[in-house]
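Take a look at these structures.
Common to both upcoming complexes is subunit A, partnered first by subunit B, then by subunit C.
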Partner chain A sequence: MSIGEKLQSLPKWILFLCLIVTASVLQFFNIPLPNKPQDPAIDYYAFAMSIPPGSTVLVSSDWTNSTHGESGPQFDALMRILMRRNIKFAVYTTADGQAPQVAKDEIRRLNEQRVKDGERPYRPFEDYVMVGYFPSAEGENLAMSINLRSAFAGKKDFPEGAKEPVDIWQSPVLKDIKDISDVKALFLISASNTDQIIIERLAAKVPLVYAVTGISAPQNFNYYSSGQLKGLVGGLKGIYDLEYLMTSGVNHPGADGKIAVASTRVPGDVPPLPGRNQGLGTAYFPTLHAALALMILAIIIGNVGMFMARKAQGASK
Partner chain B sequence: MKYELWKTGSSVLATFGLYSVLYRENKFYRFFEHIFLGLAAGWTLVVIWVEIEKDQWWGKMLGANNDAGTSMVQSGYWLYAFLVPIGVMGYFVFSKKHNWISKIPIGIVLGLYAGQQFQAWLQRYGPQISTSLKPILPTTFTSITVPDNPVPGEVYFTQALTNAISLFTLLSVVAYFLFSFNENNKLLNRLSTSGRWLLMIGFGAIFGTTVTMRFTLLIDRMHFVWIDFVRDMLLRR
Partner chain C sequence: MLNLFLDIDPPTIFNAHNNFQTLTTYIIGALLAGFGILFALLKAPPQTRRGIVFFVTFISGFFYVLLFIWPSPINRSKGDAPINGFDNVGFWLADAQPVVSTMTQIIGGFLIGLGIFSLMRIHLKRIVKGGGDAPFSFTLVLSMILMIIFGFWDFHQRQQPGAGPLLDNQANWGFVNYAKDYLFDGMLQEMEAAMFSIIAFYILSAAYRAFRVRSIEATILLTTALIVILSLMSVVEYQWGEMVNSVAGGNKNSFVQNFTLTNVAGWIRASVQQPSIRGIDFGVGIGLLAMSLRIWLSLERAGE
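Presenting the complex of A and B:
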């Protein structure tokens, strides 16, 4: 077997092993990367920061652990913004029966972190409610646009320490909401096709702000460009941008007087969010670069091998 | 702490079990795959009953709870009982003799869905059609690129160029899908070929982001194994 043929026939498990080692080792190092946040993420952050404290937003949490790498940090960042700004939220899902539990676990973990950092825990039923799962995304989102109270009718959640669930409409989060237009925004964290369904059913009624996986990001840039979305965070780059913006703000002078992120899209100064902002997005981004570099290297090796093998075949003829 | 350790340890084992398929198909992988599928199916069944059927249908039918979700004594919406036979009719799709019965609920669902689609289509694509009409000629040459403080309403050269590329992409991709036109039209043919190339570039971008998403999932799992479990749980005990 020639060198070219050998290079082309590297066992798959060796490549996977290299990938796993790369994805593991770099986790132990904090590698800062230069960044220029994209406009959709800047708009996402500026819009979230413009919502008045005390108001209510909807969070459509349509993801589970199968996309935890991207959706998890997106959900965490959104929760951090909402919790620190004292914005109440109602979490629902139309994508997967497991999604409410995944969201509950994330909120519990973030609350533990908040307590450790000296912040007040976000209280269930008082500060947020879990509306739960609805099996038909088309039907439910249409029902929400027609009559939100009827669409969420019969749903209950547990107040802190309560043994019996209470109707969610008695919660301070939703008691003043009569219609979906009373809600300041709908934040979506999606790993399914609910991004399109929500645009079809709710875009005319409530401002939409999306965080989607890398796969869905290209098609959602169309909705962002046409103004159907107020902001968009796509994939790991999007969440890295958002965590960066949470730390630096937009048009905001730092301690040295320099503005880290300047944008003409956003009028005025959008301050950074005090407290812990860098999460899994910042932790994963350098490792993703190394993994992609490994993939590019594997493609180069395979192609070099192919050309060498062809050359050797040509010479032997 | 001991419970947390066992719980997280089991998750780590399951992670390695499922990734072991990368080496080759094996019983370790199959075991965890079946556990995962069983748990997911069981969980979904329970969630559908607890979150939907119990309060939204069963409770209302029997008068155990009303629309506001509070307990009450009333006669109940007995008409909800007719949802059962309509749902059961769907299962006749498995009968060769009576499968026509399944077409009734399917027809109802299709009718409801089709009716919604007019509004859904307009809401989804309407704004995109109107915002596709962008200026392709610059209105100012004071700066080639958009300056830090742009004059409102002015179109700078790079903006106009971006808009022109966007419009060309739109027209050429539409041309690619115009199958009913004369194939001998040279202009349309070239536009159509450009459309095919641009579509390929678009699909390439989507494929690229798909790969990065899979990598991110692996990175996330490795973070869970090495940071959450090994470093934070085992080494810091």
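Presenting the complex of A and C:
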């Protein structure tokens, strides 16, 4: 077998071993990477920061651990923004029966971190409510667009210290909400097709802001560029952009007077978010770099091998 | 017009409050009626059964068609009444929609039950028969039973007065809560993550074997893919941008600035990728519409 043929047929285990090593080793290092956030993420951050404190938003948490690498940091970053800005939220899902428990666990973990960092814990029922899972995404989102109160009717959650669960419509989160248009925004963290369903059913009723997996991002760019989405975070690059923006702000001069992220899309100065902002997105991003670099290297090796083999065949003829 | 869907007080069977006794009675009644109807359907001649299925499917679809095309009340407040027959239908549709939505949720719930029944039927048969796949079937059935038992047990404990917030604190957990947490977070969630991680290995292997410069089309595809991949690597994107900026002499309006990785990838996304996706989506949409019409009008005979 010639070198060209060998380069074209590397055993799978070598590729897999390289991937395991590159993906694992970088997890142990905190490597700051230069970045230029993309417009959809800038719009996402600017929109989230424009929501008045004390108002209520909906969070459609349609992900589980299968996409934790992307959806987990997206959920964390959104929660950090909402919690720090004292924005109330109601979490529901129409994608997966496991999703409410995953969201609950994540909120609990973030609350523990907040307490450690000297921030107040976000209180269930007072600051947020868990609405739960609805098996029919089409039916539920349509019902929400017509009558939000009926769509969430009968759902209960535990106020702090309460012995019995109480109707979520009595909570400070939802008590003043009559209609979906009273909700300031619907934030979606999705690893399923609910992004399409929500666009179809709710785009005309409430501002939509999406965080989706890298694979769904191209499809959602259509809705972003048409203005149906107020902001879009796609995949790990999107979440790295968002965490970067949470640290630097937009059009905001830093301590040295320099503006780290300048954008003509956003009028005025959007300040950074005080406190801990760099999370899993920043931690995972170097790994994505290494994995993509490995993929490019593998493609180059395969093509070099193919050319060498062709050249050798041509010479022998 | 029927008022059984209205949010009226005292509640009707369709909007019963979440009260334990009455709701339980309704649920048991509905279950018995449901099984009765199912049994009657099974005993009915195929021609009659087909007619009933056609009727139910048509009515269900017709409701949503009407809801879509019929003008609905805007800014409606409590106490507003319809002024004519046309309005009456609009009000009725708006009132009925949440109830119909709840019905679809319930049917969705029953589908989970149907899935469990189907899984059990197949895998219990395999366990009884024995053979090479029997241990896998046994593992599946055991995992499902354990998850159901501990999931419901944990849920039941959390519904007890005062237990909900208490059990949010891990210090108050007992065996059942630890078992459920171990099964759900410790096993199921981690295995899901592991399953999806495997995709990365396949993508790497496929990219290595498939991305070859064999033809002009393949070269275009490879070049485009490389630009998009590089645009996801902020280090490369940033350094490329700096390089282009220095070539342009820092002039932001220079023509050369069009060749930053951000701009090239953005152009590919906006001018090539998105129009293609829109075209595909449009085709899929038309296909879905045609398929929906066939199902709605019971013209789709697949599976018979």
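Throughout what follows, the second predicted complex is superposed on the first by the 314 of 317 C-alpha atoms of A that agree within 3 Å, B and C clash if a C-alpha of one lies under 4 Å from a C-alpha of the other, contacts with A are read in each partner's own complex, and residues count from 1 in each chain.
By our rule, a residue touches a chain if its C-beta (ideal position, glycine included) is under 8 Å from a C-beta of that chain, and two chains touch if they have at least 3 such contacts.
Please read all numbers here as calculations on a predicted model, not as lab measurements.
Clash or fit: what happens to subunit B and subunit C when subunit A is overlaid?
When both complexes are placed onto subunit A, subunit B and subunit C end up clashing with one another.
With both complexes overlaid on chain A, does A:Ser150 touch subunit B (first), subunit C (second), both or neither?
In the superposition, A:Ser150 contacts both subunit B and subunit C.
Between subunit B (first) and subunit C (second), which, if any, makes contact with A:Tyr92: first, second, both or neither?
It touches nothing on subunit B or subunit C.
Taking the superposition on A as described, I'd like to know which of subunit B and subunit C A:Tyr128 touches: first, second, both or neither.
In the superposition, A:Tyr128 contacts neither subunit B nor subunit C.
Should A:Phe47 be classified as contacting the first partner (subunit B), the second (subunit C), both, or neither?
A:Phe47: touches no partner chain.
Quick check on the superposed pair: does A:Tyr210 touch subunit B, subunit C, both, or neither? Answer first, second, both or neither.
neither
Tell me the contact category for A:Val102 with respect to subunit B and subunit C: first, second, both or neither.
A:Val102 sits against subunit C, while subunit B stays out of touch.
Should A:Phe28 be classified as contacting the first partner (subunit B), the second (subunit C), both, or neither?
In the superposition, A:Phe28 contacts subunit B only.
Quick one: is A:His68 in contact with subunit B, with subunit C, with both, or with neither? Answer first, second, both or neither.
The answer is both, since A:His68 touches subunit B and subunit C.
Examine A:Ala283 and indicate which partner it touches, taking first as subunit B and second as subunit C; both and neither are also allowed.
A:Ala283 contacts subunit B only, not subunit C.
Given the superposition on chain A, at which of 111-119, 129-137, 147-155 or 183-191 does subunit B overlap subunit C?
Residues of subunit B that clash with subunit C lie in 111-119.
Once the complexes are superposed, what residues of subunit A are shared between the subunit B interface and the subunit C interface?
Touching subunit B in the first complex and subunit C in the second, residues 12, 16, 19, 23, 66-69, 97-98, 134-135, 138, 142, 150, 153-154, 156, 214, 218-219, 222, 225, 235-236, 288, 291-292, 295 of subunit A appear in both lists.
Can you list the residues on subunit C that touch subunit A in the complex?
7, 15, 17-18, 67, 72, 94, 97-98, 100-102, 104-105, 107-109, 111-112, 159, 161-162, 164-165, 168, 184-185, 188-190, 192-193, 195-196, 200-201, 203-205, 207-209, 211-214, 222, 226, 229-230, 232-235, 237-239, 241, 262, 269-270, 273-274, 277-278, 281
In the complex of these two chains, what residues of subunit A are touching subunit C?
Checking each residue of subunit A against subunit C gives 10, 12, 15-16, 19, 23, 33-36, 38, 64-69, 97-98, 101-102, 105, 108, 124, 134-136, 138-140, 142-143, 146-147, 150-151, 153-154, 156, 158, 160-165, 214, 218-219, 221-222, 225, 235-237, 240, 285, 288-289, 291-296, 298-299, 301-303, 306.
Under the stated contact criterion, what part of subunit B meets subunit A in this complex?
Residue positions touching the partner: 19, 22-24, 40, 43-44, 47-48, 51-52, 55-56, 59-60, 65, 67-70, 113, 116, 119-121, 123-124, 127-128, 130-132, 146, 148-150, 202, 205-206, 209-213, 215-223, 225-227, 231.
If you look only at subunit A, which of its residues touch subunit B in the complex?
So the residues of subunit A in touch with subunit B come to 12-13, 16, 19-20, 23-24, 27-28, 66-70, 72, 97-98, 100, 132-135, 138, 142, 150, 153-156, 167-169, 196, 199-201, 203-204, 213-215, 217-219, 222-223, 225-228, 234-236, 262, 264, 280, 283-284, 287-288, 291-292, 295.
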